[in-house]
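In what follows, structures are represented as structure tokens.
Here subunit A shows up in two complexes: once beside subunit B, once beside subunit C.
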Partner chain A sequence: MNSKRTAALMQQLVYIGPALLFFGITIIIPFVMGMYYSFTNWNGVSGNVEWVGLDNFVKIFTSDRAFADSFWFTTKFTIVGVILTNLVGFFLAYFLTKKIRGRNFLRTIFFMPNVIGGLLLGFIWQFIFIKGFATLGDVTGLAFFQLPWLGDEVTGFWGIILVFVWQSSGYLMIIYIASITNVSKEVLEAAEIDGANRFQVLKNIMVPLIMPAVTVCLFLAISWSFKMFDLNLSLTKGGPYGSTESLAMNVYNEAFLNNRYGLGTAKSLIFFIVVAVITLIQVRLTKNKEVEA
Partner chain B sequence: MKKMKLTLVMLLAFSMVLAACGGKSSEEGSGSSDAASGDVKTVKIFQFKTEIVDGLNELKVEFEKEHPNIKLDIQTVGGGADYGASLKTKFASGDAPDIFSNGGYAEMEMWFDNLEDLSDQPWVADLVDMAKKPMTKDGKVYGMPMNLEGWGYIYNKDLFEQAGITELPKTYSQLEDAAKKLEAIGVTPFANAYQEWWLLGNQGINPAFALQNDPDAFIKGLSDGTEKFAGNPLFEEWAKLMQLTLDHGNKNPLTTDYNTAVSLLATEKAAMMQNGNWSQTEIDAINPDLNLGFLPMPMGEDAEQNDKLNVGVPANLVINKNSPVKEEAKVFLNWLVTSDIGKEYIVKKFKFIPALSTIEATPEDMGDLGASVWEYVQAGKVLPQQAPKFPDGVTQEFANSMQAYFAGKSDVTKMLEDMQASWDSLSQ
Partner chain C sequence: MKTKSSQSASALILQVVMFIIAIIFLAPFYFLLVNSVKSLGDIMVNAANWPSMFHWDNYSKAWELTRFPEAFTNSLVITVISNLIIALLSAMAAYRMVRANTVFNRIVFMIFVSAMVIPFQSIMIPLLQVVGWLNVNNSMVGLILSYLGLGIPLSIFLFHGFVKSIPLEIEEAATVDGASSYGVFARIILPMLKPMLVTVIILNSLWIWNDYLLPSLILQSPELRTIPLATFAFFGQYSKQWDMALPALVLGITPIIIFFLSLQKYIVEGVAAGSVKG
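Up next, the complex of A and B:
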């Protein structure tokens, strides 16, 4: 009996041990160290690390306007980004599961932006926004293209949103497609025979049945948009006048630009807690809505 | 620092190279600690001037030929923040370089625990006086300045002539006249790359600090609360100057980056641009036939006070105090500025304005702009760069406040108050 348990333990150790070890070294230990540094005033270089207790957190919540601003920016970005990417992703999937010509080709096309890295994509779009749109504006005279793209806070915000949606909705589309093709044909047919119109089928049959996919997609979109950094860096670098600085970028700048590593890690700890709480709530909420056919 | 895009590309490339080099250098590192065996020792260099990478690699070959016992391992990451972050990572992971770049003043203080005292090195006596300052503490020198850089308004001499500007503008009102004359012949007076934070918060703001009676006392006063930006006459004048460049500048200055401004100037669509001698190579790449020169950035109406160019030391090479091969590192630094080939590379390949009096540079080597800066330096008409003395991160915040003002989100008073708030918060 006892030897059996030991054998089982050994087995687990052999299979999970290596992964656990690497997870510990690369994730857990740095995380705990980060927690420690968030209570210090370390500058990232010097040998003396002073314990300052909750000072960093007090500072963040009482006097750090930039953190509050970037928090608000990220919140706005997340709300708009999550809704748009999921809507676009879902409807792309909805139409690309219909019998239309070239749909495999189209699926590939819409997925493509996801394969390109965020930095590269950001630079391409920066060029499009600044040079391409300006030229189009001169040629066509359309007001939309003559806006100072990325040059003020409104166009900066929507510029990043546009590229974000363009980049990530393809990925969500794939998840939705997988889920939609799994919805059983009988249920759909039954609904049609009962006289449900397209909208009713979509709302009352399709959406409830693909709720597991919605859970996953919402989760992905929320964590992506909260942690967005590369697009931000390559498109606006947080500018103009710091109006499009995301939380992740604020943390990075605090730690490496202002050389206040302790304060930066304190911010990232808050950041982690916020993302964790929000995604947990979201997963719980949407899980409740999942049904079986 | 000047080429953010290139920087990011470099950063990506670097991460790949790192994978390849990492293993190699650690192998050699273990060999080098074994001093008794007389093995080849490797000196690891980590620096941020992306524009000299090719030249450095050629120099490396020459150096290794002359010193078969020393190998160089050169890595480059550009851009202020990215370089700083990578350097910290290297130190934290025990892969500290033996020679690295440092900006001086506040940055020297930050890395001070790791810096080797270089005062006894033979080249120290030859340093130009102003180049020595950023890395000097308590009379000791801790770094080798790589070069001098100057900035102000680069102007196109031919366009100025066409517009009938005979006397070079040295005051605010003369500059305004010049701008109007340029507009009359259909040329945009100023190419403003006001997307770039360094151009605004680090360089553009320099005259307002450097022209204070005692810049160091003023900076100290800002930190202890006895001085304020708002109400300081020089900062008011400086805001007026910025407004002038906006009123007579290109469209969408906040989305105009360095490269765009350079091409506006090089294609003669614009006649002036606030920038430094480093842009010579990029301008030459587009249009090598331009006649260029520097105008100082005029603040108010005192022509004599204004006739000075901003000059700074962009980077210094320092030696890691705890490096096992610091003697070899010193050999390389010395070789770099005393050997004939090293000197030649500094002026001919890197197009540097040398920071040592023993290195001779001709106007042909440095180009129009470098020569113009050199003239100002030799005449002593310089405004030393103040930004390295600021609290970390404040230059970026300055740029944010300035951009908000340019975008019409705030007025001069609000901008100066914002700058004050950033200073107060970051100097704590």
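Up next, the complex of A and C:
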């Protein structure tokens, strides 16, 4: 009996031990340390770490203009980004599940930007915005291409949005396609026979049936856009004058540019709480809308 | 009732519209490729037209200046090793947590799943300190170690759902035949996990191969640079010299595009399977 228990304990250790060990070292320990550091004035270099209580949080909420700005920028970016990527992703999926020539080829094209990392994509688009758009503007005379792309706050914001949508809607499209394919053809046909028009079928039958995919896609789009960093870095570096600085970049700069690690960890803790709360609320809300088919 | 001709007309319009959208999606690649073989003067005059002369030597210069073979090898080594360890450890842990459904294991699983919400930025600052304590800063070991912890939660989550669907009877039969638990896992469970293994490896590969932030924090030596790091350093140096920067970007995206095009069926399926609601 005793040897059986040792064997079970051994198995537990062999199967779960390594995963738990690495997870503990790289997630749990830093996470707990971060909580502690957010109440200190640690500068990242010296061993001199002083407890400062809530000072960092008071500073962040009362006198840190850049943090408030980056928070607002990220919120706007998330709202616009989530809506647009999901709309584009859904409608690409909607049309690509209809009888259409070159379906697979089209899916490949729409998904392709997604396999390239945000950093390289941002650099590619920097060229498109600066040189490509300028040339298109000369050739076509369209005002859209003649804007000072990435040069001011507005074009910086929409520039990042454009690349973000181009990059991520293909991923969401794949998820929507998988879900739409599962909706039974009979249900849709029955609705059409009953006299529902195309829009009614879409709104009242299709969307409720693919709600699980909507939950997942909203979740993914929210976390991508709220944590956006690479595109930000490679397209605008947060400029001009910090007007397009995302939260993730603000946290990064506070720690590694200003060497205020204590303040940086306090910001990262707030960042975590906001991400956790938003995603939990979103999943709760959309899950309630899911129906059994 | 719609008539047949109006239906086929709308189908035609849809067809045309989809191809136009596809062209818009592809346009950035056209600009990138066409201009990567032009002289700088040519790019400045007109970035949209076909090259008047092909400067293939742009590529050989970029190849050397970015030290592309080195960066490619680094990216490959880091991605492959991290992937193998993450997949194996996650499969083992998920298997045990499903089969030994104790309170402890349920709590551990909950912690793994909850950790998926933690943004990387919320742990990166102290993580660097931990890496420093372990004396693996500025090394591939330190980077791979960090990827293990970061990659394990999602992978465990995916395997966990999959193991639950494997019927217990198969294992019981093997146990009666005298196989040990480890033997059952290695010879029976692991092969059955293959579809999910493909998904896990694909999702982790895309992530690790393209990741910029973590390697930028851990690796300082130029000879350890991955493709994103090498591209970043190069782009900073040659930011307005598009005849250098563009071929470097093409080189940078080529491996992952080839990977995607040759495995696209699995990648697309992997993405769909990896997004099962949780």
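We take it that the second predicted complex is superposed on the first by the 276 of 293 C-alpha atoms of A that agree within 3 Å, B and C clash if a C-alpha of one lies under 4 Å from a C-alpha of the other, contacts with A are read in each partner's own complex, and residues count from 1 in each chain.
Note that in this section contacts are C-beta pairs under 8 Å (C-beta built on N, C-alpha and C of every residue); 3 or more make two chains touch, one makes a residue touch a chain.
Owing to the predicted nature of the structure, the values given are computational and were not obtained by experimental measurement.
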In the superposed arrangement, which partner chain does A:47 touch: subunit B (first), subunit C (second), both, or neither?
first
One more residue to check, A:227. First (subunit B), second (subunit C), both or neither?
second
Between subunit B and subunit C, the one with more contact residues on subunit A is chain C
Output check: A:148 vs subunit B and subunit C. Expected answer is one of first, second, both, neither. What do you get?
first
After lining up the shared chain so the two structures overlap, which partner does A:63 touch, if you call subunit B first and subunit C second: first, second, both or neither?
first
Would you check which partner chain A:119 touches, where first means subunit B only, second means subunit C only, and both and neither mean what they say?
both
Regarding the shared-chain residue A:240, is it in contact with subunit B (first), subunit C (second), both, or neither?
first
Under the stated touch criterion, which partner chain does A:257 make contact with: subunit B (first), subunit C (second), both, or neither?
first
Set of subunit A residues, in rising order, touched by both subunit B and subunit C
44, 119, 123, 134, 233-234, 252, 255-256
Using the touch definition from the top, list the residues of subunit A that touch subunit B in their complex.
43-47, 63-65, 119, 123, 129-130, 134, 148-152, 233-234, 237, 239-242, 252-260
Contact footprint of subunit A on subunit B as seen in their complex:
4-5, 8, 12, 80-81, 84-85, 88, 91, 110-111, 113-114, 195, 197, 252, 254-255, 392-393, 396-397, 399-404, 407, 409, 421, 425-426
Touching residues on subunit C, where the partner in the complex is subunit A:
11, 14-15, 17-19, 21-22, 25-26, 28, 31-32, 35, 43-44, 46-48, 89-90, 92-93, 95-97, 100, 105, 108, 111-112, 115, 117-127, 129-130, 134, 145-146, 148-150, 152-153, 156, 181-182, 185, 206, 209-213, 217, 228, 231-232, 235, 242, 245-246, 249, 252-253, 256-257, 259-261, 264, 267-268, 271-272, 275-277
Per the touch rule, the subunit A residues reaching subunit C in their complex are 8, 11-12, 14-16, 18-20, 22-31, 33-34, 37, 44, 92, 95-96, 98-102, 106-120, 123-125, 127-128, 131-132, 134-136, 139, 166, 171, 174-175, 177-178, 212-213, 215-217, 220, 223, 226-227, 229-230, 233-234, 248, 251-252, 255-256, 261, 264-265, 268-269, 271-272, 275-276, 279-280
